[in-house]
Amino acid sequence: MTITVLLFASYADALGRRSIDVDLPDGAAVGDLVAALRALPGAGQLPARPLVAINERYARFDAVVSPRDEVAIIPPVAGG
Amino acid sequence: MTITVLLFASYADALGRRSIDVDLPDGAAVGDLVAALRALPGAGQLPARPLVAINERYARFDAVVSPRDEVAIIPPVAGG
Amino acid sequence: MIRAAISRDPIDVPALLAEVTSEGCGALSLFVGTVRDSNDGRSVTGMEYTAYEPMAVREMHVILDEAARAHDVERLVLVHRLGALALGEVSVAIVAAHAHRAQAMDATRFVIEELKRRVPIWKREHYADGTREWVDPTGAHAVSEVP
Amino acid sequence: MIRAAISRDPIDVPALLAEVTSEGCGALSLFVGTVRDSNDGRSVTGMEYTAYEPMAVREMHVILDEAARAHDVERLVLVHRLGALALGEVSVAIVAAHAHRAQAMDATRFVIEELKRRVPIWKREHYADGTREWVDPTGAHAVSEVP
(Lines give C-alpha, C1' and ligand atoms only; values in the text may rest on other atoms or scores of the structure.)
Protein backbone atom coordinates (compact mmCIF):
# COMPACT_ATOMS: atom_id res chain seq x y z
CA MET A 1 0.00 0.00 0.00
CA THR A 2 1.05 3.61 -0.48
CA ILE A 3 0.78 6.02 2.48
CA THR A 4 0.96 9.77 1.91
CA VAL A 5 2.76 11.39 4.84
CA LEU A 6 2.46 15.09 5.68
CA LEU A 7 5.66 16.92 6.65
CA PHE A 8 6.04 20.22 8.46
CA ALA A 9 8.61 22.79 9.53
CA SER A 10 12.13 21.36 9.99
CA TYR A 11 11.07 17.93 8.70
CA ALA A 12 9.59 19.42 5.52
CA ASP A 13 12.85 21.36 5.06
CA ALA A 14 14.96 18.23 5.61
CA LEU A 15 13.11 16.27 2.96
CA GLY A 16 12.56 19.27 0.69
CA ARG A 17 8.82 18.72 0.41
CA ARG A 18 5.49 19.10 2.27
CA SER A 19 4.37 15.48 1.78
CA ILE A 20 5.85 12.22 0.63
CA ASP A 21 4.49 8.84 -0.53
CA VAL A 22 5.84 5.78 1.23
CA ASP A 23 5.31 2.19 0.06
CA LEU A 24 4.60 -0.23 2.88
CA PRO A 25 3.28 -3.78 3.24
CA ASP A 26 -0.38 -4.06 4.25
CA GLY A 27 -0.82 -4.01 8.04
CA ALA A 28 2.29 -1.89 8.59
CA ALA A 29 2.45 0.21 11.76
CA VAL A 30 3.64 3.75 12.52
CA GLY A 31 7.09 2.37 13.44
CA ASP A 32 7.46 0.70 10.05
CA LEU A 33 6.48 3.91 8.31
CA VAL A 34 9.06 5.93 10.26
CA ALA A 35 11.78 3.36 9.49
CA ALA A 36 10.93 3.53 5.77
CA LEU A 37 10.94 7.33 5.84
CA ARG A 38 14.32 7.50 7.56
CA ALA A 39 15.87 5.39 4.79
CA LEU A 40 15.04 8.09 2.23
CA PRO A 41 17.65 10.62 1.01
CA GLY A 42 17.75 13.69 3.28
CA ALA A 43 15.74 11.98 6.00
CA GLY A 44 18.71 11.39 8.31
CA GLN A 45 17.56 14.39 10.35
CA LEU A 46 14.37 12.62 11.39
CA PRO A 47 14.68 11.23 14.90
CA ALA A 48 14.16 7.50 15.40
CA ARG A 49 10.92 8.12 17.27
CA PRO A 50 9.27 11.30 16.07
CA LEU A 51 5.73 12.21 17.07
CA VAL A 52 3.24 10.88 14.52
CA ALA A 53 -0.41 11.83 14.06
CA ILE A 54 -3.06 9.69 12.39
CA ASN A 55 -6.23 11.55 11.41
CA GLU A 56 -5.19 14.59 13.46
CA ARG A 57 -4.56 12.65 16.69
CA TYR A 58 -1.24 11.62 18.18
CA ALA A 59 -0.67 7.90 17.51
CA ARG A 60 1.36 5.19 19.21
CA PHE A 61 4.28 3.61 17.38
CA ASP A 62 2.43 0.29 17.15
CA ALA A 63 -0.73 1.83 15.63
CA VAL A 64 -1.57 0.31 12.25
CA VAL A 65 -1.85 2.69 9.27
CA SER A 66 -4.11 2.41 6.25
CA PRO A 67 -4.14 4.28 2.93
CA ARG A 68 -7.34 6.06 4.00
CA ASP A 69 -5.61 7.63 7.01
CA GLU A 70 -4.19 11.15 7.07
CA VAL A 71 -0.71 10.56 8.46
CA ALA A 72 1.65 13.33 9.61
CA ILE A 73 5.10 13.40 11.19
CA ILE A 74 5.13 16.09 13.90
CA PRO A 75 8.40 17.93 14.65
CA PRO A 76 8.87 19.15 18.26
CA VAL A 77 6.05 21.65 18.71
CA ALA A 78 6.88 25.30 19.46
CA GLY A 79 3.61 27.21 19.69
CA GLY A 80 3.09 30.24 21.89
CA MET B 1 -2.56 63.57 75.14
CA THR B 2 -5.13 63.73 72.35
CA ILE B 3 -4.87 61.31 69.43
CA THR B 4 -6.83 61.94 66.25
CA VAL B 5 -7.93 58.59 64.80
CA LEU B 6 -8.96 58.17 61.15
CA LEU B 7 -12.05 56.03 60.47
CA PHE B 8 -13.11 54.39 57.22
CA ALA B 9 -15.95 52.47 55.59
CA SER B 10 -18.09 50.48 58.09
CA TYR B 11 -16.20 51.92 61.08
CA ALA B 12 -16.79 55.49 59.90
CA ASP B 13 -20.47 54.64 59.44
CA ALA B 14 -20.67 53.07 62.92
CA LEU B 15 -19.28 56.16 64.61
CA GLY B 16 -20.93 58.60 62.20
CA ARG B 17 -17.70 60.41 61.39
CA ARG B 18 -14.43 60.18 59.42
CA SER B 19 -12.14 60.91 62.37
CA ILE B 20 -12.37 61.15 66.11
CA ASP B 21 -10.24 62.61 68.91
CA VAL B 22 -9.41 60.28 71.79
CA ASP B 23 -7.87 61.38 75.08
CA LEU B 24 -5.22 58.99 76.38
CA PRO B 25 -2.49 59.06 79.04
CA ASP B 26 1.02 59.66 77.71
CA GLY B 27 2.74 56.43 76.68
CA ALA B 28 -0.54 54.72 75.78
CA ALA B 29 -0.41 51.91 73.24
CA VAL B 30 -2.64 50.89 70.33
CA GLY B 31 -4.54 48.52 72.61
CA ASP B 32 -5.39 51.36 75.02
CA LEU B 33 -6.57 53.50 72.15
CA VAL B 34 -8.86 50.75 70.83
CA ALA B 35 -10.29 50.18 74.32
CA ALA B 36 -11.02 53.90 74.68
CA LEU B 37 -12.62 54.01 71.24
CA ARG B 38 -14.88 51.03 71.95
CA ALA B 39 -16.27 52.78 75.04
CA LEU B 40 -17.67 55.59 72.85
CA PRO B 41 -21.34 55.71 71.79
CA GLY B 42 -21.91 53.76 68.54
CA ALA B 43 -18.52 52.06 68.75
CA GLY B 44 -19.91 48.70 69.83
CA GLN B 45 -19.48 47.50 66.27
CA LEU B 46 -15.70 47.82 66.47
CA PRO B 47 -14.07 44.44 67.04
CA ALA B 48 -11.88 44.01 70.13
CA ARG B 49 -8.76 43.74 67.99
CA PRO B 50 -9.20 45.70 64.75
CA LEU B 51 -6.28 46.33 62.42
CA VAL B 52 -4.58 49.60 63.29
CA ALA B 53 -2.14 51.63 61.20
CA ILE B 54 0.36 54.15 62.53
CA ASN B 55 1.83 56.47 59.92
CA GLU B 56 0.42 54.32 57.09
CA ARG B 57 1.89 51.04 58.36
CA TYR B 58 0.12 48.23 60.18
CA ALA B 59 1.00 48.42 63.87
CA ARG B 60 1.09 45.87 66.69
CA PHE B 61 -1.33 46.21 69.60
CA ASP B 62 1.53 47.04 71.96
CA ALA B 63 2.95 49.82 69.76
CA VAL B 64 3.07 53.17 71.58
CA VAL B 65 1.21 56.09 69.99
CA SER B 66 2.11 59.76 70.08
CA PRO B 67 0.11 62.88 69.12
CA ARG B 68 2.41 63.37 66.12
CA ASP B 69 1.39 59.98 64.64
CA GLU B 70 -1.25 59.53 61.99
CA VAL B 71 -3.39 56.75 63.49
CA ALA B 72 -6.11 54.86 61.59
CA ILE B 73 -8.44 51.98 62.43
CA ILE B 74 -8.63 49.65 59.42
CA PRO B 75 -11.83 47.66 58.76
CA PRO B 76 -11.44 44.27 57.04
CA VAL B 77 -9.99 45.19 53.64
CA ALA B 78 -11.95 44.34 50.48
CA GLY B 79 -9.98 45.60 47.50
CA GLY B 80 -10.02 44.01 44.09
CA MET C 1 8.89 50.36 34.94
CA ILE C 2 6.99 49.61 38.15
CA ARG C 3 3.88 51.70 38.83
CA ALA C 4 1.05 51.64 41.37
CA ALA C 5 -1.83 54.07 41.22
CA ILE C 6 -5.33 54.81 42.39
CA SER C 7 -7.75 56.22 39.86
CA ARG C 8 -11.16 57.87 40.10
CA ASP C 9 -11.52 57.63 36.32
CA PRO C 10 -12.27 54.42 34.41
CA ILE C 11 -9.19 52.19 33.98
CA ASP C 12 -8.00 51.94 30.38
CA VAL C 13 -6.87 48.31 30.22
CA PRO C 14 -5.49 48.37 26.64
CA ALA C 15 -3.37 51.40 27.60
CA LEU C 16 -1.92 49.43 30.53
CA LEU C 17 -1.06 46.53 28.23
CA ALA C 18 0.73 48.94 25.90
CA GLU C 19 2.51 50.51 28.86
CA VAL C 20 4.28 47.31 29.97
CA THR C 21 4.84 45.85 26.51
CA SER C 22 8.47 45.70 25.46
CA GLU C 23 10.33 43.95 22.66
CA GLY C 24 12.48 42.27 25.30
CA CYS C 25 9.42 40.61 26.84
CA GLY C 26 7.81 37.57 25.24
CA ALA C 27 5.09 37.16 27.86
CA LEU C 28 2.43 39.48 29.18
CA SER C 29 -0.02 38.62 31.92
CA LEU C 30 -3.11 40.62 32.89
CA PHE C 31 -5.62 40.26 35.69
CA VAL C 32 -8.74 42.39 35.75
CA GLY C 33 -11.36 42.55 38.48
CA THR C 34 -14.81 43.82 37.50
CA VAL C 35 -18.08 44.54 39.28
CA ARG C 36 -20.18 41.40 39.24
CA ASP C 37 -23.99 41.32 39.07
CA SER C 38 -24.41 39.02 42.06
CA ASN C 39 -22.68 37.99 45.29
CA ASP C 40 -23.65 35.32 47.80
CA GLY C 41 -26.93 34.90 45.98
CA ARG C 42 -27.90 38.57 46.18
CA SER C 43 -28.53 40.66 43.06
CA VAL C 44 -25.98 43.51 42.87
CA THR C 45 -26.61 46.76 40.98
CA GLY C 46 -23.33 48.59 41.58
CA MET C 47 -20.30 49.00 43.81
CA GLU C 48 -18.73 51.87 45.67
CA TYR C 49 -14.98 51.78 46.42
CA THR C 50 -13.22 53.85 49.03
CA ALA C 51 -9.69 53.76 50.46
CA TYR C 52 -7.27 55.12 52.98
CA GLU C 53 -5.56 56.56 49.96
CA PRO C 54 -1.99 57.41 50.99
CA MET C 55 -1.61 54.10 52.84
CA ALA C 56 -3.26 52.16 50.00
CA VAL C 57 -0.82 53.57 47.45
CA ARG C 58 2.05 52.93 49.83
CA GLU C 59 1.03 49.27 50.35
CA MET C 60 0.48 48.82 46.61
CA HIS C 61 4.06 49.97 46.01
CA VAL C 62 5.38 47.62 48.69
CA ILE C 63 3.53 44.70 47.06
CA LEU C 64 4.90 45.55 43.60
CA ASP C 65 8.43 45.75 45.00
CA GLU C 66 8.00 42.35 46.66
CA ALA C 67 6.60 40.87 43.43
CA ALA C 68 9.43 42.34 41.38
CA ARG C 69 12.03 40.83 43.71
CA ALA C 70 10.32 37.45 44.10
CA HIS C 71 9.63 36.95 40.40
CA ASP C 72 12.41 38.97 38.79
CA VAL C 73 9.88 41.20 37.01
CA GLU C 74 10.81 44.71 35.88
CA ARG C 75 7.61 45.71 34.09
CA LEU C 76 4.63 45.70 36.41
CA VAL C 77 1.65 48.03 36.78
CA LEU C 78 -1.19 47.98 39.31
CA VAL C 79 -4.14 50.39 39.16
CA HIS C 80 -7.15 50.36 41.49
CA ARG C 81 -10.31 52.33 40.87
CA LEU C 82 -12.23 54.29 43.50
CA GLY C 83 -15.71 55.81 43.49
CA ALA C 84 -19.07 54.55 42.23
CA LEU C 85 -18.78 51.75 39.67
CA ALA C 86 -21.48 50.28 37.45
CA LEU C 87 -21.81 46.55 36.72
CA GLY C 88 -18.98 45.29 34.52
CA GLU C 89 -16.67 48.23 35.23
CA VAL C 90 -13.04 47.48 36.00
CA SER C 91 -12.16 47.86 39.69
CA VAL C 92 -8.56 46.66 39.51
CA ALA C 93 -6.04 45.84 36.78
CA ILE C 94 -2.60 44.25 37.10
CA VAL C 95 -0.24 43.79 34.16
CA ALA C 96 3.19 42.14 34.18
CA ALA C 97 5.60 41.60 31.30
CA HIS C 98 8.65 39.35 31.33
CA ALA C 99 10.89 37.49 28.92
CA HIS C 100 9.25 34.26 30.13
CA ARG C 101 5.67 33.32 30.94
CA ALA C 102 5.99 31.80 34.41
CA GLN C 103 7.39 34.98 35.93
CA ALA C 104 4.74 37.21 34.32
CA MET C 105 1.87 34.99 35.52
CA ASP C 106 3.35 34.42 39.00
CA ALA C 107 3.87 38.16 39.53
CA THR C 108 0.30 38.99 38.49
CA ARG C 109 -1.14 36.40 40.83
CA PHE C 110 1.06 37.45 43.74
CA VAL C 111 -0.08 41.06 43.36
CA ILE C 112 -3.82 40.35 43.32
CA GLU C 113 -3.59 37.96 46.29
CA GLU C 114 -1.57 40.42 48.39
CA LEU C 115 -3.73 43.37 47.37
CA LYS C 116 -6.80 41.56 48.65
CA ARG C 117 -5.01 40.61 51.85
CA ARG C 118 -3.62 43.94 52.97
CA VAL C 119 -4.32 47.08 50.91
CA PRO C 120 -6.75 49.37 52.81
CA ILE C 121 -9.50 49.58 50.22
CA TRP C 122 -13.15 48.90 50.94
CA LYS C 123 -16.23 48.33 48.84
CA ARG C 124 -19.92 48.74 49.48
CA GLU C 125 -22.30 46.67 47.40
CA HIS C 126 -25.59 48.17 46.27
CA TYR C 127 -28.38 45.61 45.98
CA ALA C 128 -31.46 45.37 43.79
CA ASP C 129 -33.67 45.78 46.88
CA GLY C 130 -32.20 49.25 47.51
CA THR C 131 -30.01 48.27 50.47
CA ARG C 132 -26.22 48.49 50.53
CA GLU C 133 -23.55 46.81 52.61
CA TRP C 134 -19.79 46.97 53.17
CA VAL C 135 -18.18 43.77 51.93
CA ASP C 136 -16.30 41.86 54.63
CA PRO C 137 -14.18 39.10 53.05
CA THR C 138 -13.26 37.81 56.51
CA GLY C 139 -16.84 36.60 56.71
CA ALA C 140 -17.18 38.32 60.05
CA HIS C 141 -20.01 40.72 60.70
CA ALA C 142 -19.06 44.18 61.87
CA VAL C 143 -19.91 43.19 65.45
CA SER C 144 -17.64 40.14 65.44
CA GLU C 145 -13.97 40.10 66.22
CA VAL C 146 -11.39 40.18 63.47
CA PRO C 147 -9.52 36.86 63.66
CA MET D 1 -18.61 30.80 25.12
CA ILE D 2 -15.54 28.66 24.38
CA ARG D 3 -13.61 29.48 21.21
CA ALA D 4 -10.32 28.36 19.66
CA ALA D 5 -9.01 29.86 16.43
CA ILE D 6 -6.00 30.32 14.24
CA SER D 7 -5.52 33.73 12.64
CA ARG D 8 -3.31 35.04 9.85
CA ASP D 9 -4.27 38.61 10.77
CA PRO D 10 -3.01 40.48 13.84
CA ILE D 11 -4.76 39.44 17.06
CA ASP D 12 -6.97 42.18 18.52
CA VAL D 13 -6.42 41.66 22.27
CA PRO D 14 -8.90 44.30 23.51
CA ALA D 15 -11.58 42.69 21.32
CA LEU D 16 -10.88 39.32 22.97
CA LEU D 17 -11.21 40.89 26.43
CA ALA D 18 -14.56 42.35 25.42
CA GLU D 19 -15.62 39.00 23.99
CA VAL D 20 -15.33 37.09 27.28
CA THR D 21 -16.43 39.91 29.58
CA SER D 22 -19.76 39.31 31.27
CA GLU D 23 -21.58 40.94 34.16
CA GLY D 24 -21.68 37.57 35.87
CA CYS D 25 -17.87 37.39 35.91
CA GLY D 26 -15.84 39.37 38.44
CA ALA D 27 -12.44 38.12 37.22
CA LEU D 28 -10.74 38.20 33.87
CA SER D 29 -7.34 36.71 33.14
CA LEU D 30 -5.29 37.24 29.99
CA PHE D 31 -2.04 35.76 28.77
CA VAL D 32 -0.32 37.14 25.68
CA GLY D 33 2.77 35.80 23.96
CA THR D 34 4.74 38.22 21.80
CA VAL D 35 7.78 38.04 19.56
CA ARG D 36 10.86 38.79 21.64
CA ASP D 37 13.97 40.55 20.36
CA SER D 38 16.39 37.91 21.62
CA ASN D 39 16.57 34.22 22.44
CA ASP D 40 19.43 32.20 23.92
CA GLY D 41 21.66 35.25 23.55
CA ARG D 42 20.97 35.67 19.82
CA SER D 43 19.48 38.86 18.41
CA VAL D 44 16.08 38.09 16.81
CA THR D 45 14.54 40.25 14.05
CA GLY D 46 11.27 38.40 13.48
CA MET D 47 9.39 35.13 13.70
CA GLU D 48 7.55 32.92 11.27
CA TYR D 49 4.75 30.65 12.54
CA THR D 50 3.36 27.64 10.73
CA ALA D 51 1.00 24.85 11.77
CA TYR D 52 -0.65 21.60 10.85
CA GLU D 53 -3.79 23.69 10.86
CA PRO D 54 -6.73 21.27 11.18
CA MET D 55 -4.95 19.28 13.89
CA ALA D 56 -3.81 22.43 15.66
CA VAL D 57 -7.36 23.78 15.86
CA ARG D 58 -8.60 20.37 16.96
CA GLU D 59 -6.01 20.15 19.78
CA MET D 60 -6.74 23.74 20.81
CA HIS D 61 -10.41 22.81 21.21
CA VAL D 62 -9.51 19.71 23.22
CA ILE D 63 -7.35 21.83 25.55
CA LEU D 64 -10.10 24.40 26.06
CA ASP D 65 -12.60 21.66 26.86
CA GLU D 66 -10.19 20.17 29.41
CA ALA D 67 -9.58 23.62 30.95
CA ALA D 68 -13.31 24.32 31.10
CA ARG D 69 -13.97 21.04 32.90
CA ALA D 70 -10.97 21.23 35.24
CA HIS D 71 -11.54 24.85 36.27
CA ASP D 72 -15.30 25.23 35.81
CA VAL D 73 -14.80 28.03 33.27
CA GLU D 74 -17.46 28.84 30.70
CA ARG D 75 -15.90 31.87 29.04
CA LEU D 76 -12.57 31.04 27.43
CA VAL D 77 -10.96 32.09 24.15
CA LEU D 78 -7.64 31.01 22.59
CA VAL D 79 -6.29 32.52 19.38
CA HIS D 80 -2.93 31.69 17.79
CA ARG D 81 -1.39 33.72 15.00
CA LEU D 82 0.34 32.23 11.93
CA GLY D 83 2.58 33.81 9.29
CA ALA D 84 5.43 36.31 9.48
CA LEU D 85 5.44 38.36 12.71
CA ALA D 86 7.49 41.44 13.54
CA LEU D 87 9.07 42.04 16.94
CA GLY D 88 6.47 42.77 19.61
CA GLU D 89 3.59 41.29 17.64
CA VAL D 90 1.15 39.02 19.47
CA SER D 91 1.61 35.32 18.62
CA VAL D 92 -0.92 33.90 21.05
CA ALA D 93 -3.66 35.23 23.32
CA ILE D 94 -5.71 33.41 25.94
CA VAL D 95 -8.56 35.04 27.89
CA ALA D 96 -10.67 33.49 30.62
CA ALA D 97 -13.50 35.04 32.63
CA HIS D 98 -15.06 33.60 35.76
CA ALA D 99 -17.00 34.72 38.80
CA HIS D 100 -13.83 34.16 40.86
CA ARG D 101 -10.17 34.90 40.23
CA ALA D 102 -8.52 31.54 40.95
CA GLN D 103 -10.47 29.74 38.25
CA ALA D 104 -9.82 32.44 35.62
CA MET D 105 -6.05 32.46 36.30
CA ASP D 106 -5.78 28.66 36.58
CA ALA D 107 -7.60 28.15 33.28
CA THR D 108 -5.38 30.64 31.46
CA ARG D 109 -2.22 29.02 32.75
CA PHE D 110 -3.42 25.50 31.95
CA VAL D 111 -4.17 26.51 28.36
CA ILE D 112 -0.77 28.11 27.64
CA GLU D 113 1.13 25.20 29.22
CA GLU D 114 -0.82 22.58 27.27
CA LEU D 115 -0.65 24.57 24.04
CA LYS D 116 3.13 24.64 24.28
CA ARG D 117 3.22 20.93 25.06
CA ARG D 118 1.07 19.50 22.30
CA VAL D 119 -0.44 21.81 19.69
CA PRO D 120 1.30 21.24 16.31
CA ILE D 121 2.53 24.77 15.69
CA TRP D 122 6.12 25.63 14.79
CA LYS D 123 8.13 28.81 14.67
CA ARG D 124 11.25 29.83 12.81
CA GLU D 125 13.35 32.61 14.27
CA HIS D 126 15.02 35.10 11.98
CA TYR D 127 18.32 36.42 13.35
CA ALA D 128 20.16 39.69 12.92
CA ASP D 129 22.94 37.87 11.05
CA GLY D 130 20.48 36.84 8.31
CA THR D 131 20.17 33.20 9.34
CA ARG D 132 16.97 31.53 10.50
CA GLU D 133 16.22 28.43 12.52
CA TRP D 134 13.25 26.35 13.64
CA VAL D 135 12.82 26.62 17.38
CA ASP D 136 13.07 23.28 19.19
CA PRO D 137 11.91 23.66 22.81
CA THR D 138 12.97 20.05 23.54
CA GLY D 139 16.51 21.35 23.29
CA ALA D 140 17.30 18.53 20.88
CA HIS D 141 18.87 19.27 17.53
CA ALA D 142 17.05 17.98 14.50
CA VAL D 143 19.49 15.07 14.28
CA SER D 144 18.92 13.97 17.88
CA GLU D 145 16.15 11.74 19.07
CA VAL D 146 13.00 13.18 20.59
CA PRO D 147 13.01 12.05 24.24
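Just so it is clear, A, B, C and D label the chains in written order, and each chain counts residues from 1 on its own.
Here is the rule we go by: contacts are C-beta pairs under 8 Å (C-beta built on N, C-alpha and C of every residue); 3 or more make two chains touch, one makes a residue touch a chain.
Everything numeric in this text was worked out from a predicted model, so none of it was measured.
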Chain A to chain C, fewest steps along touching chains: 2
Interchain contact steps from chain B to chain D (minimum; 1 if touching): 2
Centre-to-centre distance between chain D and chain A (centres being mean Cα positions), rounded to whole Å: 25
Distance from chain B to chain A - Cα centre to Cα centre, in angstrom: 73
Residue list for chain D, restricted to those that touch at least two other chains: 33, 101, 112
Per-residue multi-chain contacts in chain B, two or more chains: 80
Interchain pairs in contact, sorted by label: A-D, B-C, C-D
Chain B-facing residues of chain C, complex: 33, 49-52, 54-56, 58, 80, 91-92, 112, 115-124, 134-138, 140, 142-146
Interface residues, chain B side, partner chain C - complex: 6, 8-10, 13-14, 44-45, 47-51, 53, 56-58, 72, 74-80
Complex contact set, residues of chain C against chain D: 13-14, 17, 21-38, 87-88, 99, 101, 104-105, 108-109, 112
